[in-house]
Every structure is written in C-alpha cells, then in structure tokens.
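Quick heads-up: structures coming right below.
Each of the next two complexes has chain A plus one more chain, namely chain B in the first and chain C in the second.
And now, the complex of A and B:
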C-alpha cells in the first residue's frame, strides 16, 4: 500500500518511521543529533547521539601540569565557565591543602553568580526561540552583553575565563567592577519584571509549557538529573546548600522549587534563580572584605599528595563534580568531569516517549543543554 | 531508610561481611621517571567514614566487583541518586578501579563505592538496571577504559566514533 493511500484510509497505526533531528539543527543548540522513531506525530523512541565535539578533556588533564589544565575548564560549558574553573580549582586546593583568602572567595562567588545570570539569559533567549518567539532573544542578549562587558574588563575574556587560580584569583577587582556590578544589579531587577510581563504571562507560551514534558523527582534521582531540572520536579537540591563551598554559607538566598515537573516549572525556576543570584551578588559586594586575592606560598609547580578527592559546585545547569586523582607528580593522574548536561540529557529518551515532536523540542530546550558540556 | 551515615556504613559492613577480604594493594616499585604512578596507601577498613572537608565525600567503600549490584541496590533503597561512574587505570598494579559516586537529594550525603578488576580481564556486572542513569556512564567508562559491564543493554561507544576500537584513558594508550 502506498503511503498516500495508507494515510487516506487511516491505516497508519503501528507503522513507524525515523526522522533525524540534527546534528545541525536550530533546536539542538550545537551538534547534538536525535534519532527519532515516530508513529505519526508521536515519538516512540528518541535516541540522543552524542560525541560530535568530543575533545577528551580528561585525557588532556593527564598530559599537562595541574595549572596548565586550567584553561580547559573554561571550554567545557562555555556559557557558565566560571563554575567549572571553580570546581577544578576547588578540587586541587582541597588535595594540596591550599586555602584562598576571603576576598578571593567573595570575588569567586560574585563572578560565578554573574556568570549564572548570563548563562540563564542565553537559555531564556534560545529556549523562546525554539518555541517560535524571536523577540525575547534580542532583549536577553542585550542584557547579557552588560555582564560579559563587566567580566571581560576583569578577566580579559568574554566567555572562556581562566580567572581562578590555585589559592585565589589572578587579579583583584577594581572600583569600576564594583560600580558596574552594582549598576547592573539595579538595572536587572526591573528587567526581570519586564520579562515576566512580556513573556511569562503570554498565553501561547503557557499553552506550550504547562503540563508538557513532565519529569518526576524519582526519574531525576535515577538518572542523576540536577540543577533547575530536579528543582522543577519539587526537590530543593542545590549544591550551594547541600555541600556549601566557598562563602555561600555566609550568604542569604533561597532555592526556588516548583513541584509540577513540567517545562513551565523549569522555566520559572531559572527565572527566579536569576533574582536570587542578584541577591547573592549584592550581599557579596556589601560584605567584600579587604585583603589579598592570592594565598601566599603557593608553589609554581604543584604536586598534591597521592590520593583522590572530589569537589562539587552548583553550575548553571546543575551539579558539577570534579574528581581528581594525584600520584604526587606535577601532572594529574586522572581528572574526571561529571557534567550536569550529560546526566540531564540521559533521561531524555525515557521522558520524551509518547510526546508530540514540537513538545519534545520544548522539553529539550527546557533541559538547557550545552553540547560541549555533554561531549567534553 | 537510614538516619545517619554510621548506619549506612554498618549496612555496607554487613553486606561485605561474608566476602573474602580484599587483598591489600601490592607495593609495586616504580622505576625512576616512569609515566605511571601508584595509588595512595589504602585505608585498613574497606568501609571508611571520611571528612567531607578534606575529601569531598562522607563514606568511602571498597568491595569486590561482584558486589557492585548489591551496593547499588543498597544506595537505591536508601534514596541516593547516581552521580557518576568512572574508571582509573592502575597500570603498575595490573588493575583497573571502577568508581561509583552517589549523592543524596534530600540529605547532604556523598558516598563513593570502588571495585577493582584485573587489567587483563576488566569485567564486572552492570548497575544500569537499578539506576538507568548508569547506562551512559558505563558506556563512557567502557569506551574510555575497555572495562566491560556484563549485562549492559547497549555497550556501544557514546562519545567516541562508532567504530572506535581503542581506549584512550588507558595509561598505555598512544595516539
């Protein structure tokens, strides 16, 4: 029977076909491929195919010194690179018994949270673009540019920062940074209100997101999904609270949680996280202590004692774990990067089963994937 | 459900009580300038409460490879989430270490479970039936190290090319 006559007679039930989404596709944000087996408009199986930009950062970690691996950490999740440097630097400091001075820790928190907002703004623009709304992207990227300017003046890079060092940060913040950051916080608060009235209350958006792509808390646990994904499923898990690092213990902030588990819940979690990050930045600026930004006496060539240790941070996309193994040499014996996008994507095959194709793309966007964060 | 890490440590001790004790890591002399190192001396007890501030985890468990499924089941029953699975190649000792990381979404607990397999026959059972999230981590560990997870539904390359026959994170890998 020809396809056309099968369609006209309605006898298509049970017949499946495969469509290919990506590896170059606007909805996959980078080179991710989805092999989708379809039953009409419905997905019977969506298999992610990864590895298109795999660079083997973990092997690179084994053939350069501890410090030479630092620039790699800015090139894994290029939208929220600060957190990656933070996790790696934290792991090495833990292994070598180095403590960064308080001023450096506050600067780390301020820059990491600025980076979280800039990352969420990219997600906001790109996610709405996936859903067919073009305009919000222009606003989001305009606001994000303000953060990138602040961070570029401080670190020299727009995205691939290599600003943290074992024992501190590479240079101190100046008055321009503090003034610029305060101005940004004051500017961004009313912008968030504007975003909500422009986008969140939009009826088309609500119909595309509410009740779509429901992920249960149990599924998050079984797959190790974290970040806004697990917090959109009713679990208030945040590494900044559960394994507090740096000076997060001294700062007052809330962890936004929504119980619905749908795309709207993940959307709202990220929107509120930006407000919380503004809160953290403001407090950290108020409390910013004087003093050095580098610990003294950190050797140029580190040789941490033999053994392994871990350091986890809350990256923009969720839990990031760096596990290092040292054999007391100037190069790491092993560097393991447990990245949030990898685990968050791994539940996609199960979560997208039975969904309609456009809804499955909304689900994909709501996971906020960065492909080099998966492929590493 | 456990209420403390000590309770969890007791459960692990019960789990491995009947097992043949693990051999202590043989001290392998390393030639000067060798590219491979040796592990730090391992703690006397296979179930060890550790200082989170120093190590980044609370409980460190070493067990025999045939016990990993029982260990994962114990983690699952106590509400832990899968964090990661990975390997470490201890070439000088002729062993590969498989490391399982777990975190708890409600309590702030971190548990590490390790098992060592012989380097010439690196095989151990899969835990992907207990934790579907382990599926991808085991695929990755398989392609990077050549460690075989018996019973895994789809042990094909995930990040490397589909026809890759090499294992780049083995210490004797030459590009």
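And now, the complex of A and C:
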C-alpha cells in the first residue's frame, strides 16, 4: 500500500515495489505468472514463476508403453501438436529401424505445416490482443478455423491429433483433404496481404514494436533460444534446413531472417514463415506420391533395441528435441523433451531489465510462449 | 515539423486502411454458427467417447471381452468383463465400464479392437454437474437401447457404405 501511495505522489526514485503480472490458477491453463520488481514504470527485475502446469510428461513416458505415450505428445504444446508427435515418432522409428513410406512422410509434412500456420495464427491474434488490438484476433481465428476443420476431418480431433504412428500415419488422406488444403492455400495468400495492410503497416503497431525488446544473437546463444526468436536476431537457424528430417530436403523454401532483434523482427519472421509454410504445403501436395501410409512389419508391441536416440524437429516455437533411451523393454527407459518455449522464456529476465511495463509485455508476446510447453 | 506532418499523414492512412478492411468485412457472409439453435455436422472421423457396436444379425454386442482395448488404454479408463455362456463359441461381454473422467479421447482402444466392436460416438454435448454420470457402463447403455434395433440397422449400413 505504501508503495502505491509513493507512486501516486511521484516519490519513486530508488524505491521499488513488486507486482504480479498474470493470474495463476490450475483451471486457467496457459497463463504465465511474472513477479515484477518495479521502479515506477520501469522494471528492475521480472522473474517468471513456472511449474504451475507441470504434468510430468517425461516421467509418464517411463511408465507406459511406447505407443501409449503418443497421445501425450499432443498435449505438450497444444497449439503445434503435430510437430511434437513427429519428433517422438521420429525418435522411436530411428531407434527401432522403421522407415515410414514416402506418402506418409509427405502427409506428415503437409499436416505439420498446416499446424504451424494455425499455431502462428493463434500467436498473431494473442500477440495483438496483448498489445490492445482486438479485431485481428477474430480474423485470425476465423482463418485458423479452416485449418482446424481440415485437420479434424482427417484426424478426428481439433487440437490433440495423435495422428502419427510408428511407421506412418493412421489414416490416409482423401480427395476432400487435398481439395480443401489447396483451397485453403489459395485463400490464405490474399489474407496475408490483408493482414499486412491491416496490421503490419499500422503506425500504432509499428511504434510499439520497432526498436522495442532488442535481443542480441549472443543472448539467444547463451540461453539456447531457437525458432522465430533467434531468426529475428539475425541467425538463420532452422532445423528443417540445418539438419533436414522427413522430406524437407526435397522441398524448396526459404528461412526468413531479420537482423534487428526487436519485436518487429520476430513479428515479421512469423508472418513470413506462414507464407513459406503455404509454399511447402503446395509443393508437398504436388509431389504427394501414391502408396501405403503405414510401413509393413511394424510389431504390435514395439521393443526397440537397447540404445539412445535423438530426433529434432522445427516446431512452431523452435527446436524441439526428443531423446529416448531404450533398454529393450515394452516401455521407454527415459523420454527427454527439450522444448523451445522453456529456453525462449529463460532470456526474458535479462532482456526485460530496465524496460517499461507495456514494452515488456510486447516483448513477452513476441516470444510466443506456450505455458504447458514450458512446464510439460 | 515535416516529420510530424508525415506522421499524421501515415497515421491517417493506416486509420483509413483499417476502416476500409473492417467495413469490407461487414458485407461478407457471417461465419458464426448460432449454437445451440444451429449445430455443425460432425465429420465421419470425429473422435467422441466410445460406444459398443451391435451385431446387425444377432442384435447383441459384437464385443467378446478380449480386453485388447483395456490393455491399449494409456489412462486405464476401460474395464471389460465377460462370461462364456454354454453352447456359445466365444465369450460375451457383461460389463464395459468407461471412466470418461480419465479418458483423453486418443482413440487407442478403437484402433486396438480387431473385431470393430467399438466405435466413436458423435455425441459432443457432454456436460453434467455430477462425476458419476461420466463413469458409464457402455454395455448397459447398449442393452437399454435394445427396443429399436430396426432403426440402428440402416444407420450402420449407411456408415459401411
């Protein structure tokens, strides 16, 4: 109370007070609590408080069979569930020596990229909502709905797909899916132009993002930040290019990189990534080979030979690595998840020091955090 | 002074652009579905909670309590019991308990079932104030629906086609 009265009387020099940013309640999943020590409107220390939604996914992996862990992978980052299934399935396939047929690999790429666009659209809406603009959220969710409908018709679920299997995917795509996806790609291109003229060129947004929350490439390196955060700081690191998995080697796409390191750079990286994802989807649909979607001879109870295997994918928020250790039993010995949001959040404390509160919230939004992905 | 004028100009421009786009949206068809007055049709592959499938010939559940679904479930939410009646080749199910409070709708049980004895329901209106309502006995549910097998038959043949 005394701090508040000090603030209203303007005597803030050297005197700090603590405010809590963000609610914390188990029912409101996906919210982050920040303990901010403020000097007036300026932040002296912003400490993220994690662990409220920790569900022990890694431990759960150790007491269920290899296949039973698959539904869990959709629940770590609920906005980009496909990429998480991809990483886990890829790691197990690598350990067990299973190769998915080419049609399945192409379907995986198409669905993962659709999922990336839907994830970025949520970020777009939520980020602008954080900045105080309500209208773009409605447009973004309308477009995202189209992706969710396509994926729901294919997988049966709207968010937690659990669609990939060891050795392929569980359903083959039909003509409706291919037609619907092509229609979506054709629809989305002009929408991106609309977003740029409605939002990107808006002077209020530019004033709130340009030069705000600069993160250097060195800071990204120190904290292990990846994904659009590091690409917005001028480092062209993308797992799809650096260590290509699946069929990304055969597809032509660019990795958008902006050197400024401010919120605007991260914003533009994600907007450009959606366009590149559309390009990937279009090419993958053109190249989609015929054939089976499941490898033959995958045993019903999988027991990968003893050993240690890693598989990294580029999830919507950055590099996701799944490491599995097998001791030739029905259940994994260890499942380790290296999730991008955790590393991207780690740099927040250092990056937000000395910033004004509204700018720090813009920085927080530009990191595109998913809280279950931090705690997992 | 010049910079200020330029800023005012670009501010006015982004205002006009924004207004033009939102006004354009005003004349586009509505995308909202007015639930509950309107509802969406669930896709064929929609994963609701599971339900037992009736054999169109005998009118009884296909399930013979092999417990493959019980084993496949990652959350241990299925309990199946069956008895072998005299004169019958296979066991018949007597209890099929689904604890929907634990179910994560992953679909592993339907995938594990080799005789297509369970399928996903299209029911998504699942709200209740008591927990007990979500611990469902799917076998009892099937039995209570017994009086109208002629209605169930054309629906099944439609799905098969």
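Here, the second predicted complex is superposed on the first by the 359 of 376 C-alpha atoms of A that agree within 3 Å, B and C clash if a C-alpha of one lies under 4 Å from a C-alpha of the other, contacts with A are read in each partner's own complex, and residues count from 1 in each chain.
What we mean here is this: a residue touches a chain if its C-beta (ideal position, glycine included) is under 8 Å from a C-beta of that chain, and two chains touch if they have at least 3 such contacts.
As the structure is a computational prediction, the values presented were derived from the model and not from experiment.
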*Could you tell me if A:153 is touching chain B, chain C, both of them or neither one (first, second, both, neither)?*
second
*Answer with first, second, both or neither: which of chain B and chain C does A:70 touch in the superposed model?*
second
*Name the chain, either chain B or chain C, that contacts more residues of chain A.*
B
_For A:328 in the superposed arrangement: first (chain B), second (chain C), both or neither?_
first
*First (chain B), second (chain C), both or neither touched by A:289*: neither
*asked:* Quick one: is A:203 in contact with chain B, with chain C, with both, or with neither? Answer first, second, both or neither.
replied: second
*Where on chain C is chain A touching in the complex?*
7, 10-11, 14, 17-18, 21-22, 25, 31, 43-47, 72-74, 104-108, 111, 120
*Quick one: which bits of chain B touch chain A in the complex? Just the residue numbers, please.*
36-40, 52-57, 79-84, 86, 88-89, 99, 101, 103, 105-106, 108, 110, 112, 131-133, 135-136, 144, 157-161, 168-169, 173
*In their shared complex, at which residues does chain A touch chain B?*
50-51, 54, 56, 58-59, 62, 91, 94, 217, 220-226, 230, 235, 237, 241-243, 305-312, 319, 321, 323, 325, 327-329, 333-334, 336, 338, 342-343, 346-347, 350, 375-376
*Spell out the residues on chain A that touch chain C in their complex, using ranges where they run on.*
64, 67-72, 75, 135, 139, 142, 145, 152-157, 160, 162, 170-171, 194, 197-198, 201-204
